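In the two complexes below, chain A is the common chain; its partner is chain B in one and chain C in the other.
Then we have the complex of A and B:
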């Protein structure tokens, strides 16, 4: 018994001694290191490149010691107006040189410095109070200013060239060169162009109207004359009205826009003259209906319902009235051919019309119908353009996939810059 | 005569077109001011052209009434409608509300114009149904694809459809909303972008044809 007690005492003693040796003295609590003082170093202000002279860009070094809840506030002052106005406020980790939305050939941004574009119009409105502006930057934490820079000044000036749009300019020049090559090529020998079913059906539609002794409705849509689709529509109207004049049929062109009506009047009159039927031309072929979307749709629907035309053409810019018109035309039993470049209206035309021209086919229609070599050559340019886009998309896809796999982020960014609109 | 009818208009188109094109690459205030001036001129021309349109409208309907053409009764409503908006507009000095009260113009706008426009827009719903019916008649392989896509979308947008989907196709492990998401984000966007690319290239080429005077049909031919 005594032996057991002695063993137990020895074991407990050893445990206590080992515990004493194992226990380390608790070091005195360290005082928390004071945060690194917020500093705004190297603040510079320069004129924003490639703009109209109403913006400046501020740069200063990124401070790695900035806490996540530190904000930078940019102030601007005009020498003429005086006083400091807040122009921008952002968290300290945002807006570095890499975040400026300019391509690699026009901007060399670094993630080691902040770069803030200050749009002066946002602060002062359309008319700037002067030409010289001062800027300062303050660092804030918990709404307390912890650092502030010295003011810097800059005089924003307008620039004469947008270097950031250089990719766009190069592409445009390439298209112009191909365009003139195609035009000169078309003069020398003819070009093959694919058939467009919707346009081949125009003859059929006009022939049907002639046989039935019913009118043709040509609706140029609700676009203004500055819309490309309306311009294309005027070209098609010229060809359609020429055929109408040749067949001695009737055509009616209700208008939404008075300018379009004036242009279309000239186009139709010219077509009747070219067809050798100036006597058949009437001033009321083109008539203004309404400059209100639904009033226009209601009026044209009424005309279609009453007159039961043999053919309806909807060519141009259409919005919600596309279905209102095409459904009424379909119900009246007319053969319908539509064409628009508004992609979200195309499904309505697809379902309600017999033939539909999709976007670019609408633009090509005038050339296709006229068969003039010079105009037909433009279709070739469109095809070359599409080929270029297809090749670019293919190789761009490969570059981006390879870049993502091997981590070439700078390379991927550069490739994407080439095809980006700035 | 050819100089006035052809060459001068073509020169105007060329110069205006090139300047407008250049202004896209020139950010200077001169360029901005040029575009603003052109926009102002466009508005002025539109205002005058609107007068022409009004005259055309009145003459067209006046002749219908005098000739007792088919549906001439509707032409009377053109004049009634015109007066119903113009007279209140004149008496209300163009204001729709004065001291929180509707003026005659405000009343006409709210209870005639807005009501009629709303009615016309509402008709669209019925037309969409009849169009959907027409598109659901499968006549070709493309129409079948359209039908399948539209059917899934319709199914996924109504609660009963979701129940039917889960009951019939739940074993696939794919919810109808995921399928809809895929249809809208992948094939629909791909098709839309294809159309957009074609439209953009077509627009550039059409603009070049007009600027360089290759397409001049809008001013008649030689």
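Then we have the complex of A and C:
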């Protein structure tokens, strides 16, 4: 009850605070001065920085006298004379240096000049007709040209380095450094991982299968080897098959993808060797079923219903076959443990399985079971990533709210730039 | 109007296979096994022709025929994977796998950093940049999204034990997850029902006189089989039936 009251109080407080920051009526704007004739001064064209060499950027001074119905039209030509094609058209108040989508550390735009990015692929298609391009800008009012610039030329070139993605690089380097620190720390002192409920049931499931003398089905899903959940599943399979070998139980792994089957064969073989039972390993533990989703589901359903396994593991990437498999397993009376990062299939596993690993728990499972320093370190790096996101969201939100409240638009833009995907 | 014989035969096949697969709802039976094995075989056959007509011919055979020999390199890398089946040279498959893993990681890591980290943070805090034009409800909505993001992420934080106040944050994260899962469940179930209606609609169509009552005939035949099977096997002990 106290908990509910606290939640209600929190909700009402949030609502009250949001009311303080909400929009207020805006006073009427002052009357503008009468417009003066349009002029285009200081037109320059430069290669668009940090791109693949298919864009240019045009700059010219903003004319404060431009009327609201004045349009600028940008023309491009690949010929020395003539051949002009319209590349862009916009109202005179739009597209200033501040509107170019580049972060503050890679672009210093001013609202006193127009800056227009011209993507040549949009005009000429994937193959550009030349290397040097001419540009000119015209000002139009009521479809009449009122001013036109002299042509300028530029040679677009591709860039090797994307300075605009520096934020990604810094984060990547930080993650790499933390990973190596975590590996070193894990080897020396070990790293803590909290208990994951579903994984404690693995021993119980394998023990049950051993007592009943029935097989265990391990279904690695329909993902390819490039899927992260399939890679995590292969790690868990290694630990499960090691325990199966120790208990001298039976395991069957029906496959959808031949490449995954090849990897899993090696994983299971290695586990049997590590358990000191290479003689118990059989080539038919891993068997290819079908690379067609529902044929695979129908066939695995048939196997489960006929062989009545004691335990079923569904770990990896699953789509619509998730409920088809888990429901048949539940009907056959098997203890079922599932794990996937496909969030829209998780509800089906919740309903039909005894334990379900949600998303990241699947990735953590391999490290939790094996306590391998490399995997534990990878888990620590993931935790660092989550911590980074949580802290960034919390403080980023405070900074943006304060910036927006006090009108620090440059500060807000800089904060957003730090996390923007360019 | 009388239908073509091939269309009627197709109707019987479709109705039969649909009912055979649905019969699994009762129990495992020979009809389901027929449909299961047919499905498996047809699926493999279909995938084989897709591989030949969509991959082998346009991506390897035709370019090589035109003298574009560079495609041989990835083709050989792909073929190396098959050396897994020949133990003596199975080590060659590692080259193919290594290339796939390297290529996959190179593709996934930068994209993952952008989408899972940067875009996630930016998407959560960006709405607050338009604070001046936001209504109290939109501010509250953005706050709930931010709080939900933090709490759900904390649920997946494995480096600390979830105890005391931290457990409360984690529990709020579970509530957010369960709300999402409930919505996803309802959405997917509705989509599955539309598939079920599609099958029922077909069965209804095939139950007409123009299809010579295919649905009813197949259903009746199956019911007769199950009744006879029940009468015959019903006299046997359960253990004997299971052993058989």
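In this section, the second predicted complex is superposed on the first by the 279 of 422 C-alpha atoms of A that agree within 3 Å, B and C clash if a C-alpha of one lies under 4 Å from a C-alpha of the other, contacts with A are read in each partner's own complex, and residues count from 1 in each chain.
Everything that follows uses one rule, which is that a contact is a pair of C-beta atoms (placed from the backbone, for glycine too) under 8 Å apart; a residue touches a chain by one contact, two chains touch by 3 or more.
Being a predicted model, the structure only gives us computed values, none of them experimental.
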Discussion item. Quick check on the superposed pair: does A:397 touch chain B, chain C, both, or neither? Answer first, second, both or neither.
Written reply: second
Worksheet item: After lining up the shared chain so the two structures overlap, which partner does A:232 touch, if you call chain B first and chain C second: first, second, both or neither?
Response: first
Practice prompt. For A:262, decide between first (touching chain B), second (touching chain C), both and neither.
Written response: both
Practice prompt. Give one of first, second, both or neither to describe whether A:193 is in contact with chain B, with chain C, with both, or with none.
Written response: second
Practice prompt. Pick one for A:381: touches chain B only (first), chain C only (second), both, or neither.
Written response: first
Worksheet item: Which partner does A:346 contact after superposing on A: first (chain B), second (chain C), both, neither?
Response: both
Discussion item. Contact-wise, after the overlay, does A:280 reach chain B, chain C, both or neither (first, second, both, neither)?
Written reply: neither
Worksheet item: Just chain B (first), just chain C (second), both, or neither: which does A:134 touch?
Response: neither
Item to complete: Check the residue A:389 against both partner chains and state whether it touches chain B (first), chain C (second), both, or neither.
Response: both
Worksheet item: Which parts of chain A are in contact with chain B and also with chain C?
Response: 165, 168, 172, 226, 228, 258-259, 262-263, 289-292, 294-295, 298, 302, 306, 320, 343, 346, 348, 350-351, 358-360, 364, 382, 385-386, 389
Worksheet entry | Contact footprint of chain C on chain A as seen in their complex | 14-15, 18-19, 21-24, 165, 167-168, 171-172, 191-196, 225-226, 228, 258-259, 262-263, 265, 289-292, 294-296, 298-299, 301-302, 305-306, 320, 343-344, 346-348, 350-351, 358-361, 364, 368, 379-380, 382-383, 385-390, 392-394, 396-397, 400-401, 403-405, 412, 415-416, 419-421
Worksheet item: Across the complex, what residues on chain B touch chain A?
Response: 21, 24-32, 42, 45-46, 49-54, 56-57, 60, 63, 70-71, 74, 116-117, 120-121, 123-124, 127-128, 130-132, 134-135, 192, 195-199, 201-210, 212, 214-215, 217-221
Discussion item. Applying the document's contact rule, which stretches of chain C touch chain A when the two form their complex?
Written reply: 21, 24, 28, 32-33, 35-36, 39-40, 42-44, 46-47, 81, 84, 93, 97, 100-101, 104, 108-110, 113-122, 124-126, 128-137, 139-140, 143-144, 146, 149-150, 153-154, 156-162, 177, 180-182, 184-185, 187-188, 192
Worksheet entry | chain B-touching residues of chain A, taken from the complex the two chains share | 50-53, 158-162, 165, 168-169, 172, 175-176, 179, 183, 224, 226, 228, 231-232, 234-235, 238, 255, 257-259, 261-263, 266-267, 269-270, 273-274, 284, 286-292, 294-295, 297-298, 302, 306-307, 320, 323-324, 327, 330, 341, 343, 346, 348, 350-352, 358-360, 362-364, 366-367, 370, 374-375, 378, 381-382, 385-386, 389
